[in-house]
Amino acid sequence: MRGSGRRATHAGGESPIRLYHVSKSYLAGSFALHDVSLEIRKGEFVFLTGPSGAGKTTLLKLLFAAERPSEGQILVRGRNVGRLRESAVPALRRRIGVVFQDFKLLPRRTVEENVRVALDVTGTPPREARAKVFQMLKQVGLQHRRFHHPLSLSGGEQQRVALARALVNEPEILLADEPTGNLDPELTLEIMDLVVGASTRGTTVIVATHDMGLVERYGKRTIRLEGGRMGEDLQ
Amino acid sequence: MRGSGRRATHAGGESPIRLYHVSKSYLAGSFALHDVSLEIRKGEFVFLTGPSGAGKTTLLKLLFAAERPSEGQILVRGRNVGRLRESAVPALRRRIGVVFQDFKLLPRRTVEENVRVALDVTGTPPREARAKVFQMLKQVGLQHRRFHHPLSLSGGEQQRVALARALVNEPEILLADEPTGNLDPELTLEIMDLVVGASTRGTTVIVATHDMGLVERYGKRTIRLEGGRMGEDLQ
Amino acid sequence: MVAVLVRTALRGLQSSAVTSVAAAGTIAIALVLVGAFALIAGNMQGLLQRFGEELQVVAYLESDIDAAAAQQMVERVATVEGVQEVEWVSPERALERLRESLGGGGLLEGLEENPLPASLEITLAPSHRTPEGIAILVEAVDGLPGVDELAHGQDWVEGYSRVLVLVRSAAVGLGGVLALAALLIVANTIRLAVYAREDELAILSLVGASRTFVRVPFLLEGTLQGAVGGLVALGLLYAAFIMLVPEVQYGLELFLGSQQPRFFAVGEAAWLVAAGAGLGMCGSGAAMLGWRA
Amino acid sequence: MVAVLVRTALRGLQSSAVTSVAAAGTIAIALVLVGAFALIAGNMQGLLQRFGEELQVVAYLESDIDAAAAQQMVERVATVEGVQEVEWVSPERALERLRESLGGGGLLEGLEENPLPASLEITLAPSHRTPEGIAILVEAVDGLPGVDELAHGQDWVEGYSRVLVLVRSAAVGLGGVLALAALLIVANTIRLAVYAREDELAILSLVGASRTFVRVPFLLEGTLQGAVGGLVALGLLYAAFIMLVPEVQYGLELFLGSQQPRFFAVGEAAWLVAAGAGLGMCGSGAAMLGWRA
């Protein structure tokens, strides 16, 4: 069922993410994303799937204003992020937790500092920040590694640090790009439970993944991209 | 079946990879790898599995002398890599193709140059190198992206460039760390076929992966690490 | 928030020791150059002053002027604009000097009477040691009763004032070039340091750090590196001063006379450190301008 | 293989434009400083030489020596070690000079006969303008028949030779400090450049690049950056020279007399560029030493 058209018309103030005919072209003549319209409600949990190069990461980047759309409108929390002033971008990003496909950890900071930076940018008081970071690291099973540097962590450990950073300030929106690609099956379930838990507490979650097992297991809404175009949108 | 003991005694000139009671400790008091013994025959295809932080990457790093073992002996192509002189390391690495878990592409070089560097270090003539690189990029489906920079590629595309670089000089040994973690199921099979193809042509292959579907599908020998120790070794 | 920014800056310094040391080191070296130049130029100032003292206008007096009348003239001339000092030289003293200057031989023994006149030796204030200053003096003194003839080495003054201008502009020019070079080198170095940490800045921005949050710690880092560089430069200069001055003391005395070579005063030293801090801050600021999130 | 290394170096330069430009720029600035100093010092050399020419030993002759005898003495003295030139000054010429030096007034009109003796003015070769050189000359000339008295301004020589030593050591010292500063700054900059590209070097090493393969392109890059920096410095210095010399020409003439200020000869200019290349290469080499695969 192609649900994009239907959903986009389904306007509502409680939808923190709405895309209307969004296209993105990095190189003239080719589209990484083509005419994508969709709407995601508050607290909804959505899988984003599709083959390599389908535009999943591009879609996520548009949502936190790391890229600007070539065409169309993107409303995040009611604001048009395609037209956001440079100076308004940080405030947007502080409401959005992102797990990057390549982690993007600060190599010269410890695990604790890497997670904590998400609280520092919001001006959280030090005492509170320390407690939250410790709690979060415990949840991803890395509290014992908190004084180590990311480069001395295994791939899966780094991925969990990235997730901890994205979740620590209880964002309104969580964008996770392949957040379990480096995790073993058991850990994948633990981590996904964390993410699902966040969504039940009201965080709107988009998880880009290739892991069809995961998609099937959780049975959540699944949006499929193919060559930059909306494929299926399955509830 | 725990086959490590049996295998290690199974000495033979045709086994390019042999480990005897190998341990690796990064931090005093904890072992990333503990008393691992195993032997891999020429042209063999082996999956390496285990939970996050089990020591898979560490084991691979020991094989191409990116780390030195804390204890035990490692013979690669008959040479003790734990005791290799600094100046002998490059020659070893030129025989080993490695797909790094974090790709390790040169960000300021094009895709073509990234693949080509593996031929440049062996002194392959330019004409031959160009032809081989083009052929290889075609096999991973990226010939049309060859003049782009890695940072403008999707995660899966970068992963394929990393694989192309590892395979382009037809190495005797291929070490692939989570080589399909960012690939969709179809592409995963295509890429795995490439890797299996290399092993049928005589390349000894170790693939570290969490993807149990993959492991089951190919039914190859599977070595499982757990907390740095040898778990199962299933043929 | 301020605490967080400062802490971030300190962590930044710590976590990128290589670039921090390199930046501070470069600032130190640049400031050593500028500071050494300032020291040398400052001490040379005294030397030039002394050269200038030799510039005198001599008013030869008519032979019928006695000591008392001469004394009156001295007082009169002393009021002329730009005059610093006036000395009366009696004919006897003049002959004595000529003898000395001829090497003390018996060269002037044959003279039956002293042919030399009395004179007034007029020294100009430093600010008036120019052709214009001399012209004013000459005009004022030339018409005075009792003055026979004026000797004022116009050429000498021309030469002196031109040399002075030349040396001063050379000093200003060289100092300027040095300061500019220091600025460019420091900016360059900090730009490289930013470049080496670009990934870090990009990541901070991706997790929602505002411009302030990214930039302020960086500026603080730069400022601190610069201040440390300034202190190091000050230390190096002082060490060099202490070690070198006794070595060249003897030679220096020829130049500076009894004047002791002096190091920076506390205030000047503070300026050097402040200059370092300023360089570091501006360098970081300039480097950050070039960087876009 | 060589082609690959060179190509890799060129690609490296291209792909890391920021660091390359920064390194070349820093080398250029450092060399401008050193070069400007060399130019100034080189042109000052002539000035010092001219000052030295004024050092003369004067041998006053007995009054019964006629022109022919004096000529013989001139030839004799000319053979003494370290003597550059000997000039005979007749009593008439000596009186004329004294008059000139006293300002041309009628001061010496009253003399009935010329009280001044004839003399030989002996100029020493530059290398002998030292207290020792003078001592040798004095010993050789003092006993000669016909020589009445020797005037040799021992103090003046002491002063001159000390000033000479002082200025020369200041020049060598300042030049050395500048060169050292340039070296440190360049090494620092290139170290930062390496630091910014550390990941790249590490990756090359991981895919089997030998030390040579990693280092040679890097050294080539550094050398090229240095050479470009040297050329830029040469251009800047030449531009400054062309622009500034007419400005200060008039003042300079007082110092250098008719001697024209000169720029570097082709060979010296080549040295500057070579120095840049050398700096770049050594800087890269030093930076690579610090880097381990």
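Going in written order, the chains are labelled A, B, C and D, and every chain counts its residues from 1.
By our rule, a residue touches a chain if its C-beta (ideal position, glycine included) is under 8 Å from a C-beta of that chain, and two chains touch if they have at least 3 such contacts.
Since the structure is predicted, the reported quantities are computational estimates derived from the model, not experimental observations.
Between the contact lists of subunit A and subunit D, the overlap consists of B, C. With respect to subunit D, maximal separation of chain centres occurs for A (centres as means of Cα atoms). In terms of their C-alpha centroids, the spacing between subunit B and subunit C amounts to 67 Å. Subunit B and subunit D have Cα centroids lying 62 Å from one another.
Spacing of subunit A relative to subunit B, judged by their CA centroids, is 30 angstrom. Touching two or more other chains at once is no residue of subunit A.
Chain contacts in this assembly form a single closed ring in which each chain touches exactly two others. In summary, the structure contains touching chain pairs A-B, A-C, B-D, C-D. Of all residues in subunit A, only 26, 49-54, 56-57, 101-102, 152, 154-157, 159-160, 177-178, 181-188, 210, 212-213 touch subunit B in the complex they form. Those residues of subunit C whose C-beta lies close enough to touch subunit D in the complex are 18-19, 22, 25-26, 29-30, 32-33, 36, 40, 60, 98, 102-103, 105, 107-113, 115-116, 149, 151, 159, 162-163, 165-166, 169-170, 173-174, 177-178, 181, 184-185, 188-189, 191-193, 195-196, 244, 248, 250-252, 254-255.
Those residues of subunit C that touch subunit A in the complex are listed here as 1, 3-4, 8, 11, 15-16, 199-200, 203-211, 213, 293.
Across the complex, subunit C is touched by residues 64, 66, 86-87, 89-94, 96, 98, 100, 104-109, 113, 117-118, 120-123, 126, 165 of subunit A.
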